[in-house]
Amino acid sequence: MGIVLDNLSKIETLPGGEIALATSDSLINWARTSSLWPLTFGLACCAIEMMAAYAARFDFERMGVFPRPTPRQADVMFVAGTVAKKMAEPIIRIYKQMPEPKFVIAMGGCANCGGPFYDSYSVVKGVDKIIPVDVYLPGCPPRPEALMYAVIKLQEKIRKMKVKNGSGATPLQATGSRKLS
Amino acid sequence: MTEETIQPKLSEPVFNHSNGRLLMPETRYWPTQMWKSPWSLPTYRRGAAVLAGLITGIAGAAWFLGEAGPRVAPLYSAAEQFALSKGVPAFIISVLWTFIKGAILLAAPLVNALFAVWWERKISAHIQSRMGPMYVGWWHGALQTVADGLKLLLKEDIIPETADKFVHMMAPVVVVIPAILAFAPVPFGNELVYADIDIGTLYVFAVGGVSVVGIIMAGWSSGNKFSLLGGLRSAAQLVSYELPRTFAVVPVIMLAGTLNISAIAGLQAGYWGGIIPRWLIFYPVVGQIAFIVFLIASVAETNRIPFDIPEAESELVAGFNTEYSGMKFALFFLSEFAYVLLSCLLMASFFFGGGAAPLPFLDFLPSWAWFLGKVLILMFCFLWFRWTFPRFRVDRLMDFNWKFLLPVSLLNIAAAGLLIWFLS
Amino acid sequence: MTKETSTAIKADQMFINFGPQHPSTHGVLRIALTVEGEVVIKARPDVGYLHRGMEKLFEARNYSQALVLTDRLDYTSAMHNNLAYCLAVEKLAGIEAPLRAQYIRVLVSELNRIASHLVFFGTFGVDMGAFTPFLYAFREREMALDLFEMLCGGRLLYSYMRVGGVSADLPPGWIEKCREFITFFKPRLKDYDTLLTSNPIFRSRTEGVGVIGAERAVSWGLSGPSLRGSGVNFDVRKNDPYCVYDKMNFTVPLGKTGCCFDRYYCRMLEMGQSAEMVLQCLDALSGAELNPGEVMAKGVPKMFKPAAGQAYAHVEASRGDLGFFAVSDGGLNPYRMHVRGPSFINVAILQEILAGCKIADVVAVLGSLDIVLGEVDR
Amino acid sequence: MTTEEILANLQTSFPGLAKAELPIKNYPTWTVPAQSLRVVCERLRSKFSFDYLDVVTATDWSGPASPKGYPRSPAVTPGATPAAGALARDVFEVVYIVSSLSAGLRICLRCEIPRTEGASVPSLYGIFMAADWQEREVYDMFGIKFEGHPNLIRILTPETQQGYPLRKDYEHIPDKFD
């Protein structure tokens, strides 16, 4: 569908094209916000709270969040936990395997900035050093409600996306993961 | 132990002991309250009322609409008369009509996928004391699958570097096309059948069997070891379970004396003693065994738990569709649910009398409504199994097939022969 | 991939990288599998994908601050980590917690054991392909977490225990809530049995799979239910009692053969025993003989310097024998703190027992050992 | 048989075996010379049914941890640096805790080795399989070589790790992730 999305912005030149574009934007964004499929991927403590968010009391599926085991079918990656340096390369790889448009939620203090392990020799101080992050969620670990709030914030962000600006991806995503020195 | 050196100044934590979050009944309640009497909860009563209303509403609408087949026939003849009077050649009319019927038939698996995925998610959620999709769409996440489909359509389509690109691209096509073609001779009610061919049963199994090639293609071409293992597993599994599945139908064919599916369904009309319907499942021993073997083999054919080893999530990540993204993955999903629908339609025709009402006085509802109801109940069984059972191990799965199902289905054929001799 | 794995593969074999991102590795474990068809020829577990340098960080924190790090070891049973750490430091500094605090410690440990084993039950079900047990287990677990939340405000990581006692007494109404939970929970154990334990498919997946004999289990240093599943009667609560476990009335469930099912069922039975112990503790705590409010040893400052020395304390955590080896040089910070993580030692046996299994058994064996990667990698 | 008797029994054949001066609290603690460690453990296992290896770990006694070992300087509280320089000496102390599950006995064995680059002790692999990974971990963290271990490679830290982190003089070299 890349061709369609790439050429969709040309509608704007047609008469009434802006309205059509805005309508298609809202439709596309509705679809994307309504079915955010995360990757079943947990790193540390936060993963247990992430599991709790999928489970009976919090029930993430109400919002259409439906975990997929393979990165190829996922839209959003919850980086739930401490990113150790040994794990950094696999995370970059998984991120690259996800199809566009893709989003990242850094869940918990460790994924934001290193958390309680800010002075450790083997922890990446924040997953944003290796992949672009859309939503930062503080807490150690954040409650499942907080994770839902992060997803709602991500949905707000997705609603602002426009097909005009680069095939519907956020600006940082268009460039892919950051180059490592 | 030495004396303290620095005493950090920290305010004492304040706990709201008397009513913490735990004790606020409006926002969170423990399952204990739920367990005592679920009917005291207003949501329960409301849900039950809505469900009862839905069923009666659908039944009423069905009664109002009545039989679809006899109503379509005069429409068709009127349109044909009109076209003939305008000088359109007869063969063009028949070709056009075939295409229109084909389009209607094509809608069946597509609409089914939209509905069944949502239904599965709701059923699974309610089995697991959750709610399932709630916010997308107007009512209980009714548009969830539409949103999913649209999103998958707009996802980037990835073909891995290591993949065999042409085969990788063709695999979903090879899976989906037979899944749709197989619907041709299957009735949806009295006279509601696309191609009423005499070898219908044979056709369905023959065409449906082609999909396994697509799955093997998907597994092999992805360039992923998990996919490869999934493809190999599915080859072994699907080919094996074809046998008991086909043999389970043989007693049905023997008793009915025809391969035409709608004829088999039609033969089961009527009642023994005015009460027990003459459905094949009520034939002593033979009918029940044939049904159970067919049901088990159908679950295995559709790659669903407990037989979902080709896409075993906890072992092979996602099995043969590990490397598929976007719409290609959606096609695999579509074909899976198309096969579930097909199996349920076949079971309804073979064992449950097709469109016949279960009790004589209930036949005010049209045949397609009964068909639909039976299919939905059977489909519910598929979903129910999925969310109740663990997964077989691959060698146990083969043992189960070759050492149990196949002998049983063969014995059942012999028993059917005895039954026919006894009946005659 | 190290050289060792990439070279030794024959033509009909295949190398599979199981993890670090895989739905059923319970975190970020990687197992390098060499398979021949469906049969595993060689397995080499590779850990360290969650290595956070915890033991180095202990040396840069004082004794109160280091407590917070211990929560993050085995994050599904944080209370046990806190307890083991507190016992080690108390031993080092010569502090004795009051009796009421000891009862509360046992109470919350057992409650946490239930919560932790419920996570095991759920994830083991998911490994076996049954998704529903996971939801049921988490439903009950949430209730236990509610109790913890009422107790200390944390759902997962508590830091509830302090050196010298516990941070706060039980809040009013907690004991009744806890009793309500236990009365609700006990019949649910039967539900779990009907749902999963008695399922023939589940039995065929687990019985006789991944057998660890008693001698081998001892030699590999397994502990906890993984060891007891092999029929070795070793439980720190019985053999080296700490807190008030010597006053508790409970039995230690033992397996027979050491297959996956035995390990699984030991944990299921342990939950029942834990529930009994919780009730016993609640009875003791609701009596008047334990002074309400006296939950901290007197005169323990927030920062203190234990005299130079070494101490080792171990507790029976959910996953086994969790030990803390503490060395003090008389300073504010621990000079050295070593954690004997039961998961770390339990997971090592994978390299031996996985050979000859099917690929589907890999997840069964891994799930039945019930490892938590936070504790493996530290 | 108590640990005292076992010690007396073993001391007849291994004169280097002695009670430690600074024992682990509530544990009988013996110091073992490195060369007889393996034989002592073999004897303990075969004769006295000490079949369970609890812990293998080590302590670097060379003084307080260098603040350079942390990528960001940790919030060191004043007075945190150890007052007791008396304990500091240039040794690694390898600590083993072995226990007998049947007799309910636990013994701590300690083995001091000079603190050099190629510091080594004999491996207990083969006697206790539990030593496999625990020794690898000690090697990873301290760089102490275990002679006779079949697969002594880094286990927890990534292959890019420079130096041995739990040594007190470990200095962190910033890499691409810092």
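A, B, C and D are the chain letters, set down in written order, and residue numbers restart from 1 in every chain.
As a convention for this text, a contact is a pair of C-beta atoms (placed from the backbone, for glycine too) under 8 Å apart; a residue touches a chain by one contact, two chains touch by 3 or more.
Predicted model, so just to flag it, every value in this text is computed and none were measured.
**Q** Work out per-chain C-alpha centres and flag the one nearest the whole-protein C-alpha centre.
**A** Central chain: C.
**Q** Sort out for me whether C-D or A-D is joined by the greater number of C-beta contact pairs.
**A** Top pair by contacting C-beta pairs is C-D.
**Q** Farthest chain from subunit D, going by the mean of C-alpha atoms per chain?
**A** So the farthest one, by centre of C-alpha atoms, is B.
**Q** Need the CA-centroid distance for the pair subunit B / subunit D, whole Å please.
**A** 61
**Q** Roughly how many whole angstrom separate the Cα centroids of subunit A and subunit D?
**A** Centre-to-centre distance between subunit A and subunit D: 44 Å.
**Q** How far is the middle of subunit C from the middle of subunit D, if each middle is the mean of its Cα atoms, in Å?
**A** Averaging C-alpha atoms per chain gives centres 24 Å apart.
**Q** Could you state the distance in Å from the CA-based centre of subunit B to that of subunit C?
**A** Spacing between the chain centres: roughly 41 Å.
**Q** Which subunit D residues touch at least two other chains?
**A** If we look for residues of subunit D contacting two or more partner chains, we find 69-70, 74, 77, 79, 156-158, 165, 170.
**Q** Going by the touch rule set out above, which residues of subunit C reach two or more other chains?
**A** In subunit C, 22-23, 48, 51, 53, 56-57, 60, 135-136, 139, 303, 305, 332, 377 touch at least two other chains.
**Q** Identify all positions of subunit A at which a residue touches two or more other chains, and write them in rising order.
**A** In subunit A, residues 55-57, 69, 84, 86, 119-122 touch at least two other chains, as defined above.
**Q** Using the touch definition from the top, list the residues of subunit C that touch subunit D in their complex.
**A** For subunit C paired with subunit D, touching residues are 2, 47-48, 51, 53, 55-57, 59-62, 91-92, 216, 218-221, 232, 234, 239-240, 303, 305, 308-312, 314, 321, 323, 325, 327, 329-333, 335-336, 338, 340, 344-345, 347-349, 352, 377-378.
**Q** Note which residues of subunit A are touching subunit B in the complex, please.
**A** 1-2, 5, 27-28, 30-32, 34-35, 55-57, 59, 61-64, 66, 68-70, 72-73, 75, 97, 99-101, 168
**Q** Using the touch definition up top, name the residues of subunit A that touch subunit D in the complex.
**A** Contacts found on subunit A: 84-86, 88, 118-122, 124-125, 129-130, 180-181.
**Q** Across the complex, what residues on subunit B touch subunit C?
**A** Residues in contact with subunit C: 1-8, 13, 15, 17-18, 20-23, 28, 30-32, 35, 124, 127-130, 225-226, 229, 233, 305-306, 308-309, 312-317, 387-396.
**Q** Per the contact definition, I'd like the list of subunit D residues that touch subunit C in the complex.
**A** Within the complex, subunit D touches subunit C at residues 22-27, 51-55, 57, 59-60, 64-65, 69-70, 74-77, 79-84, 87-88, 95, 97, 101, 104, 106, 108, 128-130, 132-134, 137, 141, 153-158, 165-166, 170.
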